[in-house]
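Below are two complexes that have chain A in common, paired first with chain B and then with chain C.
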Partner chain A sequence: MNKRSDMAKQHEGSRLFGYATHFIFIVYSLICVIPVLLVVSVSLSSSESITNFGYQLIPETFSLSAYSYLLKDPTELFRAYGVTVVVTATGMLLSLAIMTAYAYTISRQDFKAKNFFSFYIFFPMLFNGGIVPFYIIYTQYLGLKNSLWALILPGIVNSFYLLIMRTFFQTTIPSALIESAKIDGAGEFRTLFQIVIPLSLPILATVGMFTTLGYWNEWFMSLIFIDVPSKVSIQYLMYKTILNVQYLLQHNSSMSGSKSLFDLPTESIRMAMCVMGMAPMVVVYPFFQKYYVKGLTIGAVKG
Partner chain B sequence: MIRSLKLQWPLYILLLPTFIVVLVNSYLPMFGVILAFKEYNYSDGIFGSPWAGLDKFAFLFNSSDAWLMTRNTLGYNIVFILLHLIIAITFAILLNEIKQRFFVRTYQTLLFLPYFLSWVIVSYIGYSFLSGEHGFINSFVLEKLGMKPINWYSEAKYWPFILPIFSVWKDIGYATVIYFAAIIGFDKEYYEAAVIDGASKWKQIRFITIPLLKPVVIMLLLLQIGRIFYADFGLFYQVTLNSGMLYDTTTVIDTYVYKAMMSVGDIGMASAAGLYQSMVGFLLILGSNWLVRKINKENALF
Partner chain C sequence: MKERSKQVLKSSAALLLVSSVALTGCSKSGTKDGGATTAPTTPAATVEASKAPALAPYTVSLRYPGTPQKDEQAVEEAINKILTKKINATIDLQPIDWGAWEDKLNLMFSSNEKADLVFTASWQNHGQYVHKGAFLALDDLLVKHGKDIQKSLDPAFLKGVQIDGKTYGIATNKEIASNTGILMRKDLVDKYKFDLTKVKSMADLEPIFNTIKENEKGVIPFYVMESIMPAQYFSDFDSAGDVTVPGVLLKSGTDTKFKDQFEFPGFVENIKLTYKWAQSGIINKDAATTKTTPEEMIKAGKAFAYVSGLKPGKDKEVEGNVKVPMLQLDITKPTTTTGDTTGSMLAISKTSKDPDRAMMVLNLLHSDKELLNLVVYGIEGTHYKKVSDNVIEDMNRDGYNPGNNWMIGNQFLNYLGKNEDPQKWEKFKAFNASAIKSPALGFLFNGESVKNEMAQITNINKQYFNAILTGSVNPDEIIPQYQEKLIKAGRDKVIAEKQKQFDEFLKNKK
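Showing the complex of A and B:
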C-alpha cells in the first residue's frame, strides 16, 4: 500500500517535472524570438504611433511607409546585398578550394613534411600579432584599402576548420584507396578531385556552411578597410544606419529630394533597414540550422 | 624536405595558396609586433620607422586605461564563462528529458536563432529595447512601473548587467547544442539500470549525467580560460553603440586597441596594447593546455 502511493507520488512528480521543463523552454524560446519581433513591429509602426507610445510589440497604428521609402530607390540596398553576395560566394568557394587542397596534403601519411605544415597552420591559433600590424600590412604594403579583397582574404583560411578537415580526411579516406589510385596511374590532382573530394562532401558542406555564415555576418573588416559607399556590405550599411539614419537618406535621392528629413519616418526606416538586413538569414535559418547542428557534431572531433 | 620537394612536388603545389594566405594574414603580422617598440610613421613603414624602446609600454601601464581594460576584459569573461556553463548545461540536461522529438527540435531551433544573427543586428535589437526616447524598456516597462526613463546609453553603471544578458542571449544556443550532443551520446544502459533500481530523475541527473559530462566541461572550460584575455569585439563595440559615456564599464582590450588605432590614430599605443594581449593570451593558452594534459592527455589541444 505504502509502496504504491510512493510510486504514484513519484509518477506525479515526474509529470510535474515534465510540465516545468516545457514551461522553461517555452519562456526561453519567447525570449529568443520576441526581441526579433519587436524590431519587425517597430518597422511596421506609423510615426505617430512611435512618437506617442514608443516602440511597441503591437503598434497602435500600422504603416508600411518605412518600406515604401526604402524601396522607392533601392539602389543603395541592392548594391550592399550585391557586395555581401559577391564577397560571401567568392570567399566561401576560394576558401573551400584552397583549404581542401592543404588539408588533404597534410592528412597524407606518406607526405614527408606533414608535421611542419600542420604546425604552420596550428601555431596562429596560439599566437597572433594583433590587428594593428595586420591592418598596416593590408593597407600600406598590399594596398587593399577599399578593395573587396580586404573583405575576402582575412576569412579565407581558418586554422580550426582546416584541422577539422584534416582529421576527417585522416579518419575516413583509407590510405589504401589513395595507394591503389596511384598504382592505377592517377596523378596527385586526379586522386584529389576524382577520389577524395567525392568522398568528402559532408565535411565540405559543413565547412562551407560555417564559412558562409562567417562571411555573411562579417562587418569588422568593412569597419577598418572600407570608406567608399560603393563597397559597403549589407552588415556595414546596417551599422552605418543605426548610428545615423541620415547616412541611408543622404545617398538616396528620392528620399532627400521631395520631402524634408523631418517628415520622414526615420525611426521605422531604421528598423526596416534591420529587417531587410536580417531577412535572408531568417528565411534560410530553419534549413541552415538543421545541417549546422549536424556539422557541429562532425566538427566535434579533435583538431 | 628538399628531397621530399623533388619527389612530391605536386603536393607542394596543393599547399601553396593556403601557405601564402596564412603567411600574409598571420605570420607577417607576428613580425609586425615590433611596431610596439617603434615610433611609427607611414612614410618609413614598419621596419624603417625609428625605435621607441619601451616608451609605449611605460606610457600604457602608467595610464589608468591599462588597469581598466584588463579588469573589464577578465571580469566580463569570467562572468560570461560561468553564466554560459550553468545555463547551457541546465538547458542541455532538461532538453534531454523531453522525449517528444518535435519539441526537442523546435526548442533547439528557437534557442539557436540568436547565434545566427550578426552583432550589428543584435545592436538594433538592443536599441529597440534601450533607446532613451522610444525604447521598449523606457516607454513600456518603466512607464508601467511608474518609474522615470533611464538614459541607458549614457549611464555606465547599468552595463555590467546588460552585457551579460546579450552575451547569454546570443551564444547560449550554441553551447546548449554542444552539451546536448554530448549527453545524447551517453550510454542509455546507465539510465535503464538506474530506473530499475528506482532512481528518481534528479538522482539520474546528479549521479549519471553530471559525472559523465565532467570531462567535456573541463575541456571546454580550459579552452575558454585560454581565451580569457580576448573579448568579443562585436558585443562591446556594437551593442554599446560605441558610446563614449560608457567607457568605464565597457572598454575591453579589443575595443581599446581598435579605438587607439582608428579614432586616435596612435599606432604605437594600439600595438603596445595589442602585443600585451597577444603575449598574455599566448601564456594563458600554454598554461591551460598544460593543465589539460595533466588531467587527461587525450583532451589536450597539443
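Showing the complex of A and C:
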C-alpha cells in the first residue's frame, strides 16, 4: 500500500517533471522560432504597413512586392546561390579529404614525426599573422583576388576539427585493428578506405556538417577578396545590404545629404533577402540531420 | 570581275590592318623607354593631346564607394574611346560597396595593392591615410597636368584641402558650403498657409508643428532619427574633423577658441526644445531607435518635415525620390568649413604606377563634359536621353545608376535632370560665393596623440549622444551625467590638443 502510493507519487513526480521539461522546451523553441516567423511575416508585409504599424506577426496588409522586387531580376541572387553551392560543395569535399588524411596520419602511433605535425596544426590556433599578411599572400602571391578559390581555400583545414578527428581516430580505432589489417596484407590506402573510414562515419558526418555550415554562412572572404558582383556568396549579398544601410546612416550628416538615403532597400526587401538566404539550409538541414543522427548511433553501437 | 575586286579589297584591307597593328606595336615598344619619362615634363594638357601617341597605354583605376553597376563594362568601353584618343589611357571603374569600403581600403593600403585614383573625404579618415603616407602629394602634378582643375576650382577648394601645406586630394567641384533648414511637404504648407518668412530659428517652428499635430491625425510633424537630429544641425558648430570629437567653435563667428559644445547656450536650448517636442508628440516616439528614413516616412504620408543640410535645389532632389511636392526652408546662412571643402575628393594612391597619367585623367574629369557625364550618367541613348542640350531624361536606369556625381570631377559639368532647376549650377555658384567662411577653414584636427581619450569618448557618445539629441531623455538630468563622464574620459585634454594644433595652424597661416 505504502509502496504503491510511493510509486504513484513517483509517477506523479516524473509526470510533473515531464510537464516542466516540455514547458521549458516549448518556451525555448518559441523563442527560437518566433523571430524567424517575424522575419518571414515582415518580408510579406507592404512597406507602408511596416512604417505605419511596425513589425507584426500577422501583417496588416499582405504584400508580395518585396519578393517580386527581388525576383524581377533574380540573376544576381541566383548567381550568388550558385557561388555558395559550388563553394560549399567543393570546400566540404576537399576539406574532408585533406583533414581525414592529415588527422589519420598524425593519429598513427608508428608515425615518427606525428608530434611535429600535431604541433604544426595546433600552433595557428594560438597565433596567426593577422589579416594583412593573409590578404597579401592570397592576392599577391597566389593571385586569387576575384577567384572562387579565395572563398574555398581559407576554410579547408580547421585546426580544431582536425584535432577532434585525430582524437577520434586515436581513441575509437584500436591500433590492433590496423595491425591485423596489415598482417592480413592490406596496404596503407586499403586500411584507410576500407577499415578506418567506414568506422569513422560519425566524426566525418559531424565535421562535414560543421564545414558545410561554415562555408554556407561565410561572408567575410567575399568582402575582402571579391570585387565583382557575379562572384559573391549569398550570405555576403545579404550582409552587404545591411552594411550599406548602416554605413550610410552613420555618415549621413558628414555627407551633408549628398547621397540620398532613399535608394536603400526597404525593410521588407531586407527581410525577404534574409528568407531567401536561409530557405535552402532550412530545407536541406533535416536530411543532414538524419544522416548525422544515424552516423552518431552507428558510432554508439560499435563503440 | 566583281568577285575579284572584292578579293583585292579584302586583302588590301587585311594588309592595312596588319601594318597598322605593327605600327602601333612599334610605338608601344618605342615609348616604353622614352615616353613615360618624357611625358611628365610636358607642361599643358593641350600639348599632351597632340602628343598623345607618344604615351604608353596605361589603365587608370578609379575606386569609389558605391554599388557595382551591371553595364559598367559598356560604359568603360565608351569612356576608353575618349581617353585612348586623348591620352592613350583606359579606365577601370572599381566601385566598392559602401559597407565594404573601409575594410577594403585599409587592406589595399596595407598590402600595397596597385591603385590610381581613390575617393577620399575628411569624414572618411582622409587625415589618417595621409599621415600613414597612403596618398601622393599632388602639388607638382597639379601644376604639370592640372591646368583645368586650377582654372575651374574655387581657391577655397584648392587651399582648403591642404594638410601641412601640401595637397593630398583634389576636391570635387560642387557646393562648397552648407546651411541648415527644414524640408517639408508643400501640400500641407499650402493647405494651412503657413507664413514661413517669420521663421528665423528652430524655436519659431513650434506653432507650425503644433498646427500639423492638431489637424493632421497620423502625421508626425517633425521626424527625427539617428543622424537627423535638429539640435545638431542647428548648432552652427565647426569641430574641425569628426563631429563626435569634443571641442567646437562657431562657424559663423570669429572666435578662434575651441570649447565644449555644452558651453554654447543655444545648443542646450535646442536640445531642451527637442525634448519638449518629443514629449508633446511633435517628434516621433521612436526617434532614438528607428531605422526608417524620413524620405520613406514622407512617401508613406506619415511625416510632415525633417531637418536637413541644404543647398539650392535640394527640395527638387528629394521630390524626385518621394514623389510628393517638397519645399525647402532655409533657416541658417550658408557656411564653409573644412568639412565642406574636404567632403569629397579624389586622391592618387602612392601605389600608382603612373601618377602623371592619373592626374591627366583627373584633369579631364574636371574639364571634359562628355567624359564626366559618361562616368556619372552612363551612355546616351541607353541610360538616358537628351531632352535639350543640357537636360536629360532617364531611360534604362537599372543598367547604370552609380549615384557618384558628387564624388567625381566637376559637378558643374553634369547634365541636369528634367525636374531640376535649369539655373541650378548658377545658383550653386551664388550659394558658394555667399558662404561665410569658418574661422577654422582649412584646419583638420589630427587625433593621433589623444587616441586613447578619443576611444573612450566614442564609447560614451554611443551611450548618450543620440539619446540626448533625439529628445529621448530629459536633458536636465542626463547632460550633467554625460558631461561628468566625458570629463573623466579626458575631454579637456582633447580640446586642449585641438586648440594647440589650431593655434599652430593660425600661426603658419600668417
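Operating definition for what follows: the second predicted complex is superposed on the first by the 220 of 303 C-alpha atoms of A that agree within 3 Å, B and C clash if a C-alpha of one lies under 4 Å from a C-alpha of the other, contacts with A are read in each partner's own complex, and residues count from 1 in each chain.
Rule of thumb we're sticking to: a residue touches a chain if its C-beta (ideal position, glycine included) is under 8 Å from a C-beta of that chain, and two chains touch if they have at least 3 such contacts.
Model, not experiment: these values are computed from the prediction.
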item	value
First, second, both or neither for A:Tyr247, with chain B first and chain C second	second
First, second, both or neither for A:Val132, with chain B first and chain C second	both
First (chain B), second (chain C), both or neither touched by A:Gln56	first
Touched chain A residues, chain B compared with chain C	B
Touching partner for A:Ile152 - first (chain B), second (chain C), both, neither	neither
Contacts of A:Ala113 with chain B and chain C, given as first, second, both or neither	first
Touching partner for A:Glu267 - first (chain B), second (chain C), both, neither	both
Contacts of A:Val207 with chain B and chain C, given as first, second, both or neither	neither
Partner chain in contact with A:His22 - chain B first, chain C second, else both or neither	first
Contacts of A:Val228 with chain B and chain C, given as first, second, both or neither	second
Touching both chain B and chain C, residues of chain A	50-51, 131-132, 135-136, 140, 223-224, 239, 242-243, 267
Chain B to chain A touching residues, read off their complex	1, 3-4, 7-8, 10-11, 14-15, 17-19, 21-22, 24-33, 35, 40, 42, 45-46, 91, 94-95, 97-98, 103, 106-114, 116-121, 123-125, 127-129, 131, 133-136, 138-140, 143, 169, 173, 177-178, 181, 200-201, 233-234, 238, 241-242, 257-258, 261-262, 267, 270-271, 274-275, 277-278, 281-282, 285-286, 299, 301-302
Interfacial residue positions of chain C with respect to chain A in the complex	67-68, 94, 96-101, 103-104, 107, 110-111, 113, 121-123, 174, 178, 218, 226-228, 232-233, 243, 291-293, 295-297, 300, 302, 308-311, 314, 317-318, 321-322, 339-340, 343-344, 398, 403, 406
Touching residues on chain A, where the partner in the complex is chain C	47-48, 50-52, 73, 131-132, 135-136, 139-140, 223-224, 227-229, 239-264, 266-267
Touching residues on chain A, where the partner in the complex is chain B	10, 13-14, 17-18, 21-22, 24-25, 28-29, 31-33, 35-36, 38-39, 42, 50-51, 53-57, 97-99, 101-102, 104-106, 108, 111-113, 116-117, 120-124, 126-137, 140-142, 153-154, 156-157, 162, 187-189, 192, 213, 216-220, 223-224, 235-236, 238-239, 242-243, 267, 270-271, 274, 277-278, 281-282, 285-286, 288-289, 292-293, 296-297, 300, 302-303
